[in-house]
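Heads up, the next two complexes both have chain A, just with different partners, chain B and then chain C.
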Partner chain A sequence: MILRRPFFYIILIIAALFVYFPLRGNNVSLREDLILVAIAIILASNLNLMIGYTGYVNFGHIVFYGLGGYVGLYLATVRGWHLVLSALVAGLVVSLCALLFGLLILRLRGAYFALATIGVLQAVQAFVSNFDPWGRSTGMYLSFESYQPLGGAMRALWITYYLVIAVMALSMILSLAIKNSKFGLGLFAIREDEDAAVVLGVNATVYKAIIYSVSAFLPAVAGALMFYKNGMIDPSIAFEFMLSLEGIVMLMLGGQGAVMGAALGGGLYEKLRSYLLTSPTLSNFHLVIAGGLLLLVVLFAPGGLIGWLYRLVPRARKVIE
Partner chain B sequence: MSGILASMIDGLLVGAVYGLAAMGLSLIWGVMDVINLTHGSVIVLGMFGMYLLFAALAINAYVLLLPTMVAGLLLGIVVYWMAVHWVVGRSILMSLLSTFAVNMMVIGIGTAIWSTSPYNVNFSLPGITPKMAPFRGAYTFTGNHIAAAIAAVVIALALQWFLYHTRTGKAIRAVADNREAAELMGISTTAVLTIAFGIGIALATTSGALVSTMFPFTILSGSVYQLKSFVVTILAGLGKPFGALVAGVLLGLLEGVVTPFIAVSWIPLIEFGLFVIVLVAFPQGIFGKRATA
Partner chain C sequence: MSSLLEVRGVSKRFGGLLAVSDVSFSLEEGQILGLIGPNGAGKTTLFNVVNGVYKADGGTISFLGKDITGSSPDKVVHLGLARTHQIVKPLNDLTLLDNVTVGACFGREYLDLKAARAVALEVLQLVGLADRAGMIARSLTIAGKKRLEVARALAAKPKLLLLDEVLAGLNPTEVALMIDLVRKIRDGGVSVFMIEHLMQAIMSLSDRIVVLNLGRKLAEGRPDEVVHNPDVVEAYWASRTSSTS
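The block that comes next holds the complex of A and B.
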């Protein structure tokens, strides 16, 4: 069914371009740029499942990415598991944690939930900073031998890149599939009016807990891959609050609720950020610019770039979802 | 045993300042249904305001509370017209995001100016060392903690008086109760919301200034006090500023009880647990009315 959506093929083309360009001429610096763009798209797409689809703000989305990184790195280094297996297990473990957490905090509605997610982030960070097996506040390092099963460090980095691109494509496909499903309709109903949705037979608590858990899976896998690539992790990089916030900026910029909006916002914002961070005069002000951008979008264009496109070309809705 | 008691008393003193910070959050939340996510960054601005004023004037830091409060009021009015006025009454998502955007901008500018290194206000009042049992001169209560707690309680009482005994204060409460009805009675809601937001921000900067006389701080310290403010506000129940002071003292007491036993870095975990438990078990707050429906 999803195969009949034209947007499905657009996603595949985007992923193919991400693979093709760095591969042509073995361009490592382009690969490093694109992997950050891909991570931004993964985070923004999965955040969209909560904010755009369900109408619940998650300020602590980065917690999934960081925890995934910790579990993945722990399994790959201490237990010596294969990368793919440790990343998948990391995703499952984090999803399960999110489901348990979700059943508890999703009893809170609207703004209370948003506040609780800030608390989740700080609480998990406090926990990890005090957790002995994960090296407390100094974190963990990957031993160099862990790259051996993938055929050495050089090959391992390329393999990680392809895996991250695959996760990016899967994130977008997942968003598309949920958008076109009955489950997705239930989420939209919760977003529009939760009480009405409950009266109409949507089990809001279960739906919310499921989507919270689903939105945790791919970011956790991506976190495991990314921290494996970087070779180290500590609580301050794993749970960087700013990245969590920037995810929200990306989503609002591109257009919440639309699959392409999340991807577009993620990609554009990441490009903008790397430009700002490398520019000598603006590097200190990237947060100010991001904040200003968010404020402008919220006040003047709540639909983001995609909302603007939809208004300009209404038929674009059919193709670009 | 007397060590725990001393730690509890110190917790009470610090807790009064938490309460003052939470009063600002609670007032804004209660009056305009906006969860002010600039709260943490404004608290930090209060800290740095105190730091700069004290560095420039070098007079008694508690006299400097007045200018930080006035600056906070003005800042609040600016922020209200910049980011809040347009989203009052729209979905909660929008006000969360717009106040949040201001928060990012403040933190960004602050980091550019002051980096993230720690600062402190080098001012201290003589402490009190009780000679009688059970302390027998073994513990000294810092003068700054005592003065900050007294200042916090005085400001809280002044706010309570303002809300219940002045015309403007009554208008603020009326708007909090029912905005449309208040408008029908001839109250200009825009003016009232602006003033309420300004007062809320002024309370935050003042409490930040008080914190800066007690602990060292960085530009990123705000998030810690923001979490505490949320916990306190939830404990007290929305829109109950004086309840927030009491709840703040309770939170400080709790911190005082647990700090002798566990590492300080565990405290966010405990506070968050408390936050969720209270929200799930007492959605109206401990001092709130029980839901009638």
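The block that comes next holds the complex of A and C.
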């Protein structure tokens, strides 16, 4: 089914390019750039499942990434598990937490739900900051030996990179698969009018809880990989509220509801941000520019870049989903 | 043999207002049952209680012999009881085809996406929207949206269809088309329970009529019996002189 969508192959090509370019000439600095772009794409794509597909704005989406990082790092260092296993278990644990949170807060709608998601983020951050096994507010460090199972630090960083790219590709494939499924149609119905959707037979309570939980899985895996690569984690970098907000900017910029929109917004925004952050004159302005961009998009191109493309070339809808 | 829909002593209260009070009636298979009454009589509230949008404060509702009192709307649809809304609720940014596919996907037969699309196309054909299947629902006229409501509900392959004022806001040509459609639906084996203000239409369509006033059942019977019922005449005249709407 999904193999018949042209966009599936576009995703594979994008992932292949992400692998090819840094590999050619062993370009480590390009790799470090692209891993951030990939993380942005992962976060934006999975946030899109909530905001773009279901119409529920999640301000605290970063909590999945941070919590995944904590669980993953804990399993990899303290328990000495293999990285891949740690990351997968982190994904599962965080998805399960999300399911519980979701059943609690998804009774709320609109602005109240959005507020509750901030509450979830704050509550988890407060909990982790006081949780002894995870080092309270100083966090956890990875010992250098932890890279040994993967063949030393150098190789471990490359392996982590490929895994992150794989998670990026999976995020986009997941979005594509859901978009073209009955489950996705149910979500779209909820987004357009939840009351109507329920009267048409969609079990909105279950659907919302499932998608909230699903949208947590890959960001948590990515968090586990990323914090393993970085070698340390603490509550303030794991649960950075600003990054959560920027995820929403990425979606609006690229075009919510579209798989490519989320990816494009995530990628472009991350490139722009790293350019601004490293530019000596503009380094403190990246949030000002993010705010300005958001304003422009909301006012003049509410469908984001992809919406704008669809309007120019309506047939593009069929290929670039 | 039990009726298709059996409503026994149903009440619904909003704070101090008793919107529906101790209403009982039944609907036989293959029938068109009309529900009329002055504005604010509790007609739409009664619909909402029947399909589970509101929980009844008292009484029981059974459908196909099963007790559905307190069931949520999505469960009720799966059993084969679909409805339309008086204030249309199109899924605005989805195409007409997708709108109707939602109905087929999550309806009584719970079809998969492919089978649901086929059913959706058939139903769009039936209601005369097939040529606009790829249009976004937002861009339809009000008459189109009313038909889309009916199409979505029909796509669920219901045994019983609740129609909430599908004729309101339509011009005479559109009304004639819709009346025709309701007959077609009934002839296709779907029983119909409909709220309507347009008297000629409901009189000619219904096999039987229930009259509500101030939340209570005022009368019930064949259309010609009901119009000559002195209580009904009184309720209509009284409400017309005392209300401004």
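Criterion: the second predicted complex is superposed on the first by the 321 of 321 C-alpha atoms of A that agree within 3 Å, B and C clash if a C-alpha of one lies under 4 Å from a C-alpha of the other, contacts with A are read in each partner's own complex, and residues count from 1 in each chain.
Simple rule for what comes next: a residue touches a chain if its C-beta (ideal position, glycine included) is under 8 Å from a C-beta of that chain, and two chains touch if they have at least 3 such contacts.
As the structure is a prediction and not an experimental result, all values here were calculated from the model.
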{"item": "Partner chain(s) touched by A:221 [first = chain B, second = chain C, both, neither]", "value": "neither"}
{"item": "Dominant contact partner of chain A by residue count, chain C or chain B", "value": "B"}
{"item": "Which of chain B and chain C A:200 touches, first, second, both or neither", "value": "second"}
{"item": "Which of chain B and chain C A:129 touches, first, second, both or neither", "value": "first"}
{"item": "Contacts of A:192 with chain B and chain C, given as first, second, both or neither", "value": "second"}
{"item": "Touching partner for A:182 - first (chain B), second (chain C), both, neither", "value": "second"}
{"item": "Chain A positions touched by chain B in one structure and by chain C in the second", "value": "none"}
{"item": "Complex interface listing, chain C residues touching chain A", "value": "51, 53, 72-74, 77-78, 83, 85, 89-94, 98, 101-103, 105-107, 110, 112-113, 116, 152, 156"}
{"item": "Complex contacts: residues of chain A adjacent to chain C", "value": "180-182, 185-186, 188-189, 192-193, 195-204"}
{"item": "Chain A contact footprint on chain B (complex, rising order)", "value": "35, 82-83, 86-87, 91-94, 96-98, 100-105, 107-109, 111-112, 223, 226-227, 230, 234, 263, 265-269, 271-273, 275-276, 279-280"}
{"item": "Interface residues, chain A side, partner chain B - complex", "value": "51, 55, 57, 104-105, 107-108, 110-112, 114-116, 118-120, 122-123, 125-127, 129-130, 137, 241, 245, 248-249, 252, 284-295, 298-299, 302"}
